[in-house]
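There are two complexes below, and they share chain A, which is joined by chain B in the first and by chain C in the second.
Presenting the complex of A and B:
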């Protein structure tokens, strides 16, 4: 697993990543048929989300707080905000001249 | 603006290709990836998973590029993805956050399961420069060529991770 942008968050990132990955593996192969009724699917999706929360919720909150702190410290929050506002690439692109 | 698109078919199923795609850092073909963090991740009411990752990549400036304009060749990249395990589709867009006036590269990738259980990857790349000084076209062409070469390397990286995943699944528990 790769490093975090801040060395102090890397240990939390590793714990979070391995927790997420084992949940994700199961998430990718839903134990319900594609033809299932929408309400059953919503119910199943809700259970999956709760399962993540129960297994990884705590370390996710810790890791997220650590990264958010590091993002602020490096001034990256402004860069992220700017990108969200400008977002020039979400517009249809004009044909090249 | 320069545009490029390409499709590629993996023999493996969508779920394992998607897993490999999310696990692709680190790999021997991605030594330029310095860090990778999840900055937000949410399960949507419809059951999809939406993720934003912030990635720091080490780049190289071409020799002809004017000195002293870009202080460091590192670039912050934002990757936004949505995974739909019911429809078996992943959509992911990536773009750089800094040096955007020099060059903005946007990549969109889609992984979808085919009817015969394989996985089709479709990639689109767009390269813009607003640099001026008579260099805009040269920068865009350079960016596009890098994009094509990187796409090849990134696929090789995913394939390495894929074969590791396959091997680990063959191991008895």
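Presenting the complex of A and C:
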């Protein structure tokens, strides 16, 4: 598994990544199957979003706090803010080319 | 502006590729990627779309002239936003450089979708990148530099003029007084 930008965050990152990966691997195939019916898809998405929060929410908060500190320390926070302003990318863009 | 693009078909079903996506690094062919951090992640409870914002740290030796000219370092950071949409079986990944972004941007887009002819076994990959130097910013920086230089020049010219005026006045006032003083001492 890859490292965090700050060594002190790497242990939390590893716990979080493992948590996400195991949730995601359980999520993906049924999500594809559930997407044929809109109401089934929404029911599944809602349930799994809650499950993700319940499983990984706690370590995520700790990891996020650590990374945010590291980002500031490396002086990347302003570059990030600028990049977010320029390209918010809050929704997928339809394939252009 | 410079463009790059490539396309490829992986011999794996879409969901295998997408699960694998989160395990891509570290890998022996891409040792330049040294760190990956998740900055934000949401699972949309309506659509099931997962949006992830990540920060990748890269070490890539830049040519000496680039480091000298732009003051860059070995560490470069990239912001990556990905959307995984299980309902349309589409993954879209957009990456933009943070480092040196004041000079140029590299905007990369990647898509993974099931191959239309063999959707259960093959996954199409497309990648495009646009590299663009920020000419507008260059121009405004150059313009700002010129303005500052002219202002400094004007200020210095003013100071030079008033400084020399002062020197001339002192010099000739002193010289005008010396003969008077000498004359005065003779008379006493």
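Simple rule for what comes next: the second predicted complex is superposed on the first by the 78 of 97 C-alpha atoms of A that agree within 3 Å, B and C clash if a C-alpha of one lies under 4 Å from a C-alpha of the other, contacts with A are read in each partner's own complex, and residues count from 1 in each chain.
Simple rule for what comes next: a residue touches a chain if its C-beta (ideal position, glycine included) is under 8 Å from a C-beta of that chain, and two chains touch if they have at least 3 such contacts.
Quantities reported herein were computed from a predicted structural model and do not represent experimental measurements.
In the superposition on chain A, A:83 contacts both chain B and chain C.
Applying the stated contact rule after C-alpha superposition, one finds that A:21 touches each of chain B and chain C.
In the superposition on chain A, contact of A:31 is made with chain C only, not with chain B.
Contacts of A:75 after superposition on the shared chain: neither chain B nor chain C is touched. Touch criterion met: A:41 reaches chain B and chain C at once. When the shared chain is aligned, chain B and chain C each come close enough to touch A:52. In the superposition on chain A, contact is made by A:9 with both chain B and chain C. Overlaid on A, the two complexes show chain B and chain C touching the same residues of chain A, namely 1-5, 9, 13, 16, 20-21, 24-25, 27-29, 34, 41-42, 44-45, 48-49, 52, 60, 63-64, 67, 71, 76, 79-80, 82-83, 86, 89, 93.
Chain contact summary for the complex, chain A toward chain B: residues 1-5, 9, 13, 16, 20-21, 24-25, 27-30, 34, 41-42, 44-45, 48-49, 52, 60, 63-64, 67-68, 71, 76, 79-80, 82-83, 86, 88-89, 93-94, 96. Listed in rising order, the residues of chain C touching chain A in the complex are 5, 15, 18-19, 22-23, 25-26, 33-39, 41, 43-51, 55, 57, 77, 79, 81, 83-90, 92, 94, 96, 98-99, 101, 111, 128. On chain B, the positions that touch chain A within their shared complex are 1-3, 14-15, 18-19, 22-23, 25-26, 33-41, 43, 45-47, 49, 54, 56, 76, 78, 83, 85-87, 95, 97-98, 100, 104, 106, 126.
Of all residues in chain A, those touching chain C in their complex are 1-5, 9, 13, 16-17, 20-21, 24-25, 27-29, 31-32, 34-35, 41-42, 44-46, 48-50, 52, 60, 63-64, 67, 70-71, 76, 79-80, 82-84, 86-87, 89-93, 95, 97.
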